[in-house]
Every structure is written in structure tokens, then in C-alpha cells.
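As written, the chains take the letters A, B, C, D, E and F, and residue 1 is the first residue of each chain.
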Amino acid sequence: MFETAIQTFSSPVVLFFVLGLLAAFARSDLAIPEPIAKAMSLYLMAAIGIKGGVAVAKSGIDGTVLSALAAGIGAGFVLPLFAYAVLKTFGKLDRINSGAVAAHYGSISVVTFVTAVEILTGQSREPGGYMVAVMAAMEAPAILAGLMLARGVGSKDASVGGTQSTGEMMHEVFTNSSIVLLLGAFVIGMIGGADAFEPVSPFFEAGFKGVLCLFLLDMGLIAARRMMDSRSITWRLVVIAIFLPVVNGLVGTALGIGISLDSGSAATLGVLCASASYIAVPAAMRLALPEADPGIYLTMSLSITFPFNVLINIGLISAFAAYLAGVMP
Amino acid sequence: MIETVTRKRIEILADKALQGRVTKAIENAQITGWTIVPVTSGKGREGHWREESVMGTDKVFVLTIAAEDKAMALAEELAPMLTNLGFILSMWDVQVIRGERF
Amino acid sequence: MIETVTRKRIEILADKALQGRVTKAIENAQITGWTIVPVTSGKGREGHWREESVMGTDKVFVLTIAAEDKAMALAEELAPMLTNLGFILSMWDVQVIRGERF
Amino acid sequence: MIETVTRKRIEILADKALQGRVTKAIENAQITGWTIVPVTSGKGREGHWREESVMGTDKVFVLTIAAEDKAMALAEELAPMLTNLGFILSMWDVQVIRGERF
Amino acid sequence: MFETAIQTFSSPVVLFFVLGLLAAFARSDLAIPEPIAKAMSLYLMAAIGIKGGVAVAKSGIDGTVLSALAAGIGAGFVLPLFAYAVLKTFGKLDRINSGAVAAHYGSISVVTFVTAVEILTGQSREPGGYMVAVMAAMEAPAILAGLMLARGVGSKDASVGGTQSTGEMMHEVFTNSSIVLLLGAFVIGMIGGADAFEPVSPFFEAGFKGVLCLFLLDMGLIAARRMMDSRSITWRLVVIAIFLPVVNGLVGTALGIGISLDSGSAATLGVLCASASYIAVPAAMRLALPEADPGIYLTMSLSITFPFNVLINIGLISAFAAYLAGVMP
Amino acid sequence: MFETAIQTFSSPVVLFFVLGLLAAFARSDLAIPEPIAKAMSLYLMAAIGIKGGVAVAKSGIDGTVLSALAAGIGAGFVLPLFAYAVLKTFGKLDRINSGAVAAHYGSISVVTFVTAVEILTGQSREPGGYMVAVMAAMEAPAILAGLMLARGVGSKDASVGGTQSTGEMMHEVFTNSSIVLLLGAFVIGMIGGADAFEPVSPFFEAGFKGVLCLFLLDMGLIAARRMMDSRSITWRLVVIAIFLPVVNGLVGTALGIGISLDSGSAATLGVLCASASYIAVPAAMRLALPEADPGIYLTMSLSITFPFNVLINIGLISAFAAYLAGVMP
């Protein structure tokens, strides 16, 4: 535990995130230009997609991969239900905002995933390459679940967002730029395989961690600024933004060990369940559920859950996975 | 001296993600064109926002120049979005050259 | 037909580094909001400038819509900066929907 | 109360590559300055365009504030470009502080 | 042939281009921020220029280089004449637009060149480093030829574009940012030579193919969107946008073999002749011939000829060069 | 001397700077997009900070490091006084502009520093890694000294800039984005040490010189354009912009040798004293002294002193350091 914490806090990736948080809290004018932040997020999606695709091309698709995929997709549909219930009762949010926030917590954060992989690899427990496929598969289901919850399944809704047909909604969800790029790069990686990717690996692999440092610097800046500006966040929502990742992380990890994943992969499934989206889902919500308040869902996922996961929860989940793997060998 | 005619210039501040709804309304009002101007941050009753293209919180100004009747029709069509989606609309008279274009 | 009311629209060209002084003045004038539009270059009596974000020579347009009295109060407060810091201010009447917001 | 004077504000939508022709015309009209605002996309009778800086299809707004006579002289000089090069021009009255600058 | 196609379609560079095309056709909101796209194009120019300059510094300038240069420049002046005739008669374009389009087809596309070099290198037929010099030399002549055709040689033209003096026009063509950067980097590469460039090679060489992937993703997006928006394109122009690269490619390849270039270099000369500019020439045209319609010249060169060249024609030209080299050893 | 000049002018970094100058003088439209320029400057700050931090983590902080730090900070406070006197008397500037310009010359230019390190390393006289710490420590003192000179120490100033409290002013100086990033990355480098940085070194180290090439291309473009547009520059200011770096460079080098630094580190201290800031200080001045004219301080530091230092003065200082080190062994 303690060692893990040390490891976490000597990782440059985490240190740059902390630098971003501190700089924003000190009201520095440090800022990454918007087009660069966007380009870094696209780069990270492409690089992760390719890496996963090449890994799956090498390993093939076997029983483990299929059961991990099924577990991930299942969690993507079920976790928003639990989150919705908590948000509506304890959190006192209305239906639309509960559904929107639930979608974020059911879906995944690519950067949290990557940070977890970094940290687990540092502990010689690198998760299977197929976990990228699991992650990609977990992006969309929660968006659909959250939208149904927000709109009331079956009910005809007269609100502005509701005038959109389900077909349009599905189109917008599945053509969302992050999802297209992640899946597209994954398929490209599978088609090309390791040989084809050797020439581009200096760009997509060697540069990856450095870009991640600067991206996390920016996320630290944005998360802290958003927290300082936030008006819609109550203490109840803060509690939920810590409670959900803890519970979802434990559930996901146990599920992973339960379907016999190695401890690194199980921890990664836990992290995926614990993480809340702040790239793909907000973009989809802005289109499909514009009445929901970004001041709530972005502040919870980006300003509270994300730092909590990166700084603390990944360490907890990793320790829990190691413990479970020891108990049930 | 060159001849000018009077038209309405309408400016709508909208979420970039929802820009398509505004331009669709412009086309429904049979206005010939529109132009998008970027904006980078702002503050209103709902607090402060900044352009964060990674999370999709960007906004834009949609500008369009049209004859008064079409302008009012557009304002009418956009009115519900102003309330529900937090858009802002302002308009004023401008002189244009070659008014048949608008 | 939809109802509109008349408000002043004020536009201030200011150094990005000093944007905060303008928005503070807007808040002091109890105006509800403002929006920032980027600008990329210009020329005036002091010569040519270009957006050079590395050196911090950027400028921005600060836009705000307000009732006439508040607008004039804002202009009054900004007047010294127009002279000392090379800001530019122009304002005109616009029609807005849901005027209670401004 | 602070004193304001009335000036014309002229706004020209032009290709970025041809921005220099517009600013040259402004200088020919002996107007003291101009400011460039970026635009990112638009639609008109010639269809849809998007800012594609690699291919150089970008456009910009050139803004300038001037006394009425100079503004009309500028409009006169720009008129042929409006037709041949697809530029758009609109202008309206604004109040400015320290009107001797414009 | 078939093998070449397979090779083409397992290259990550080509696959990212296809991903861009598909994403745009599916109306995804995927987009590369404008400043990034521009920066990638500048990076590619600088990297190619340096590489060519270093290659020529190593090899020196001999008879082969000089005859390849002469062939390229000659083609740059002659090909627009043929293109102009086809565009004006079969294509039914007016004089100004015929001249503008002819300039694009006579000039070259840097990215098509680079893609061809990738593919030929994959077939162990890497063209000579001096071909970069040939490419650079081919950028400008066709612009001049096209402008003369568009304005009617010698005639005093009263149009707005025509008010510009020839001196101004030449200045704008030769100070065009892509031409300045490509040539400037070429000269820098020649001055510095291989030793001086070793320290910057991780940036300009190792990163090159990865940047090319993302740039082609963007070109795929833009090409497809432009095609879907296009209003000015007739079936006649579509035919020409396929016909010209085929004919010019065959002519250029034969010319290359004729002046005794190795088969890889000859194929590259063919690709240069076949390719149509969509970076340097449109920028120059916007200034020097603003009455010409970008909806015609950009749609033809970027949305039709470029994908045709990348996906099909490079393979054809490469096979043709191999065939000719075999016949005439 | 002559050899040094050759070395300087075959360095790709310097050649790209010259290309930028030439392109701008030829009125080419070549331009690096603004967000990219800003991102490159942030990248360079982060990379230099990390490198320095890792170097100090390795070497530790000993007497040499401490005396170099003290010499740098001392120079940061003293050099502006001399500059202010020259600017006010010979330069005929008013108090505010004299103070603003003095702050620029007392502070340092990160890019000049990096270019000097490149050139010295090429001569096998790489300065100590702790010089990054010296550079970072020299950024702020001159800003404070310059502001005090501009405002008249102790006097209550009624100007707009003067309405700002000293506390606010200090806050703005120390939360300036370049200072935060440089120091933050330095601390991150010290915490992580060499091991932690191995994974990010392809991004921050291998890519460094290439990014520096493109950044200097941009600085060349901007410096030349600013010079051509400049209206406020008199011949007296041009003389000062050459005179100050020569004198400050000699003083700094002698100081370095005097406190027993090796000849490379002493030359670097000389270059730091000779260089004038054009990133951190202008940004701080715009906030803290908005009445000062950027047309004066930026044109002097960026358009005259920076090219003079890069193209000539680094060579002179390096030769002087070698000479002194020989004389006083």
C-alpha cells in the first residue's frame, strides 16, 4: 500500500497532474492552448487504439478475452442503474441530471485507464492487451443506459432534447469523435499487426508517455479551475463522486478475479468501472441531453472522481486485486 | 454614391455542439447564409465557462444577415432554445451593399 | 409576434493580459455577463500588432449586453483605461429577446 | 456624464489570403485603424466553406471604425470586390468615446 | 499487382486515410484542429526538405540528378498545357478555371509523393534521395504556366485578379509558405549534411510516419466532407480528375525510364506527374487568381485525384515502372 | 573563433533561425500557427526544467552549485541598475520604459541559453546540469528590480499600473506561466530522478532539438517582422541592444571564472547575463507595467539582442571563457 503510494507519486505522469492542480489553485495563468489539448486527446485515443489492436492481432480472441468483454459490457449497462438510484435519492438531482451523471460513471475514462496501466506495469503486473478492447466496448453502453434513464424509458418527452429521434441519438453516440478514433485505430492495429506498426511506433509508442504528462498537466489545470468556479456542486454530490468510484472499483475488481483474469487485468477492469468519462460522454450529452448541466457532470467526473482515482483509488484497487488474487488462487 | 439597403443582423451565442440546430433554423427561415465566429469564454447567470474542446464545452457566435421579416421568423423559431439551452440572441439594423443577396 | 426590448451592446478591445480588469469593471457595473471573442491582429496609431501568444501581445474583444444606464456607468469606469492602456470601446443599440436577463 | 460621438462601424468578410487588399483600401480611405476577427465556417449562395488553413480557404472579418464620409468612401472602393471576390460588407452606427481617434 | 494492393492497404498511413474518409462519410464529428493540421503540413515540408538536402549532400549532383531535374521541370511546364486543353474542351470550364485546375495538375502533391516513397520502400525499390529536389523543382513551374493560361498570355486583363502585376504574382508564388519551407529545409539539409542532422533526426525522421498517419486521417476527413458539400463538380470533371493522373502517371514513368532512372525513381517521377497539388497551388491561386473557384480545383485535386492516387494509382504506376524496367533493361 | 562561427552556422537550430529571418524579410507568408508556437514554448520549458532537475538530483547540491546560484541571483538584481542608467541617459527613454527594458536585460532568455548549451556541447564543453537551476533562479529578480526602478522605489505612483499593490505584483510575477512550468518541471525532475524519467525521455529529450529548430524558425519570422514594423526604435536603442549583451556577457563570464566554474559553465553564465528575456518578462510587464511600450522592449530583446546573441555573441563569449580559463587555471 505505502509502496504503491510512493510509486504513484514518483511517476512523472502523476506529478505533472499535481503540478497542474497546484498551478491552477495558485491562480497561475499557465494554460495549454485549446487546439493542442484537443490534439493530444486525439493522439492518445489513436495510440491506445493501435496498441490494443496490435495486441489482439498477436494474442487472438480467446475465452478470456470474450468473458472480459462480456463483463465490461454488462457492467456498462448495470452500473448506471445503481448510480442513477444513488444520484436521485441521496444526491437529490432531478431525472435528467441523474441520468446524465449516471452515464458518465457507467462509461470509462481513457486517461484513467492509461494511468492505471502505467502504474500496474511499474509493478510488473501489466494487464492483457485485450483490456483496450474491453475499454472500447465499455464506452457506449452506459451512454445509452443513461439517456434512457434521463428520458424515462418509453415515455414521450416534450423537452427540447427529447425532440430528437432515437435513431439520431444512436448516430450521435456512435459517431462521437473519440469513439470513432479509438475503434478505428483499434481496427487499423488489428489489420496491420505488429510488422506494419513498427515504422510508426516511434511516434505512437515512444512519444506516448511524454504526451500523457502534458495532457495530465492540462487536465490538472482544468479540473482545479472548474472546481474553483463550480456553483452547482453540493456536499452530497462530492460524497457520491468519491463513493461511486470506490464501490464500482471493488465490484469491477471482484468481477475480474471472478472470471479468472490475472490480477493486473482484474485491477484494470476495476479501474474501468471506477472511472468516470470526461471526454466522450460529455460530448455526447451536450448533443443528446443538452438540458443537463455540464457544471454538475463535468465537475463531478473531472474535478473530483478523476483526481481521486489517479491519486488514491488506482492504488487501492491495485492492492485489492493483489489481495483477492492471493486469496483465491 | 453607392446604394445601401437596411437589413437585420442577428447574432446567436450557442453551444458549438448545437450549432447545427441554429443553422437548421436559419435555413428553415430561408435565409441565404450564415457565418460562424469563435468565442473563447464568458460569464452569465449560470457562472463562468471556458472553451474546453476536449470536453466539448465550446460555444460559437452564429451571425446571419436577413430581411426584417425573415429575421423575426428566425427569432420566433429560436426563442424556445434561448430559454431551454441557454442561447443568447441579439439583433440590430445594418446597411448592406448589394442587398438582393440577403 | 415575439417581444423584444432594446439594450446596449458594448464591445471593448483590450489586451488579453488585462482582460480581467475589463471584466471586473463589468461586474462592478452589475452587468450579468460578458463573452470573449478572439482577435488576431490589427493596426492603429501605435502601429501594427499581431497575436503572439508566446510574448503575450494578444488582444481580445470583450462583449457585453446591458441596459443603457449600466452601459454608461461601465463606459465611465473604463474611460481612463481607453486613454492609458490603448483600449477601444464602441457601443450601439440592439434588440434582445428575454430582456430581463440583461 | 461621459461624452460619446457617432461613427460608422464597418465589417467586411473576406478571404484571409486577400485580407491585405481590404486593409490597403482602409488605409487608402485614410482610416486610422482596423482589427481582424477570425471566423471558422459559413454558408452562402456558393455553398458551405470551412476554415482549412492547409489549403488556404480561411476567411476573416476585418472591422474598422470611421467617420461616415470615410466609411462611405471605403464602401465605394470595396464594392467591386464584393461582387468579384465574394466579400460581404455591412455597416452600422456606433457610439465611441474619444471620437477624435477615429 | 494484387500483392501491391495488399501492401497498400495494410500500410497504416493508407489505413488512416481510409478511416478519415469513412468517418466523414458516416458524418462523425471527428476533426483535427486547424492549427494542428497546418503545423503537421509544415512539419512534413521541413522533414522532407531536410531529408532530401542531406541525401543530395551525400550523393552529390551528377548527370542522373540533372536529367531528372530537367525532366521534372519540363513536365511542370508541359503537363498544364495538355490539362488545360482537356479541361476547356471536354471539361467545359471557362478560361480562368481551366488555367487554375491545370496549374494544380501540373504541380505536385507532397503527401502523394511521400506515400509513394513509403510504398516503394516497402517493395525494396526506394527512389533516389534527389527525387526530393525534383519534387521541389516541380512545384512552381506549373503555377506560372497555369496563370499564363488563365490570364491569356500577353493579353491585358481587366479582371480584379488581373490588376496585379507579373512581378507581384511571381513574388507571391515564390514566397508561398510551403515552397519557402521545402526549399529552405532542403538547403539547410545540404549545408548541414548528415552529421549535423543526427541530433534532430529523432524529431524529423523517427516521428515522420506517425505524423503522416494523422495528417492523412485529416486529409481523408476533409476530402470526403468537401466531396459531400461540392456543388460545382460535374461528371465530366470527375472523369478528368481520374483520367489526368492515369495519363500523366504513364507519361512520367516512361520519361523516367527513358532517361535511365532506376525503376523506383522512375515510378516516383510518374507519381509526381500524376499527383495534383492541394497545398501550395491552392494557396497561390487564392492570391493570384481569386476569381477561380476553389470548389472546383480543390474538390478535383483533393477529393478525387488524391484518394485515387493513394489507393489505386500509385500501385498501377509502380507496377508499370517495374514492367518497363524489365522490358528495357 | 572562425571555427566557432562555422560550427554555429552549420547547426540546424541556427540555420532554421536564419531561414525564419530571411523568409520574413522576403515577405513570405510562412507562419507557425499561434497555438503551436505557444505549445512549443511550453514544451521547451518543461523539457529544460526536467533535464535540470534530473541533473541536480544526480549531482546533488554542493558549493559550486550554491556559488553559481548566488552569482546568478546577484547579477539578476545588479544588471538592471546598470541597464536602467544607460537606457535613461544615453537611450533617452522615460522612467517607465527604462525600467521595463532593464527588467528584460537583467532576466534571461531560455532559448538563448539552450542554443548556447547546444553550441558548447558541440565543442565538448557541456556546462553543468545545475546551470538550469541558475537560469531558473535568474528569471524573477530582474523583474522585481525593473518594476521598482520603473515605479520609483518608495514613491506613491498615481498611474494606472501603479494602482496595483505590491502583493498582487509579486503574485503575478511568480505565477507567470513560464516560471511556474520551468520551476515545476525542475522539481518534478528532482523528485523523480533519472529512473522515473527514462520512459518519458523519448518525448522530452529525443524530440527536443527538433522542436527547437521549428521554434527558432518561428522566432526568426517574428523577430524580423517586428523589426520591419517597428516605429519606436531609435539608433540609440539599437546601439544599447548590442552594447548591453556584449558588456553583460563579459562580466558574467568573468564572474563565472572568478567563482571557479569550468569554462563551459562560466560561458553559460555569461550567456545568461547577456541574454534578454522575451517570453516570461514581456508577459509579466504587460500585467504589471501596462503603460510601458512593447514596441520598445520586445523589439530590442527579440529583434536585435536575440539574433545578435545567437549568431555572434555566443561565439564571442565562448571564446572569451576559453581564453580566461587558460589564463587563470
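Operating definition for what follows: a residue touches a chain if its C-beta (ideal position, glycine included) is under 8 Å from a C-beta of that chain, and two chains touch if they have at least 3 such contacts.
Note that this is a predicted model, so its numbers are computed, not measured.
Chemist: If you take the mean of the Cα atoms for each chain, which one ends up farthest from chain B?
Modeler: F
Chemist: Would you identify the chain whose Cα-based centre sits farthest away from the centre of chain A?
Modeler: If we average the C-alpha coordinates per chain, D ends up farthest from chain A.
Chemist: What whole-number Å value describes the gap between the mean CA coordinates of chain C and chain E?
Modeler: 46
Chemist: Go ahead and note the Å separation of the Cα centroids belonging to chain D and chain F.
Modeler: Centres of chain D and chain F (C-alpha means) sit 39 Å apart.
Chemist: Multi-chain contacts in chain F: which residues touch at least two other chains?
Modeler: 33-36, 38, 202, 206-207, 283 - these are the residues of chain F that touch more than one other chain.
Chemist: For chain C, jot down the residues that touch at least 2 other chains.
Modeler: If we look for residues of chain C contacting two or more partner chains, we find 37-38, 40, 53, 92.
Chemist: Under the stated touch criterion, can you name all the chain pairs that qualify?
Modeler: A-B, A-E, A-F, B-C, B-D, C-D, C-F, D-E, E-F
Chemist: Over in the complex, which chain B residues touch chain C? Could you list them?
Modeler: Touch residues, chain B against chain C: 13, 37-45, 59, 61, 72, 75-76, 79, 82-83, 88-92.
Chemist: Would you mind writing out the residues of chain F in touch with chain E in their complex?
Modeler: Its residues touching chain E are 9-12, 15-16, 19, 22-23, 26-36, 202, 206-211, 213-214, 217.
Chemist: Could you please specify the touching residues of chain B with respect to chain A in the complex?
Modeler: Chain B reaches chain A through residues 15, 17-18, 40, 46-48, 50-57, 80-81, 84-85.
Chemist: Under the touch definition given earlier, write down the residues of chain A that touch chain E in their complex.
Modeler: 33-36, 38-39, 42-43, 46, 50, 171, 175-177, 180-181, 184-185, 188, 191-193, 196-197, 199-200, 202-204, 206-207, 283
Chemist: Quick one: in the complex, what on chain B touches chain D?
Modeler: 1-2, 4, 7, 9, 23, 32-38, 60, 65, 92-98, 101
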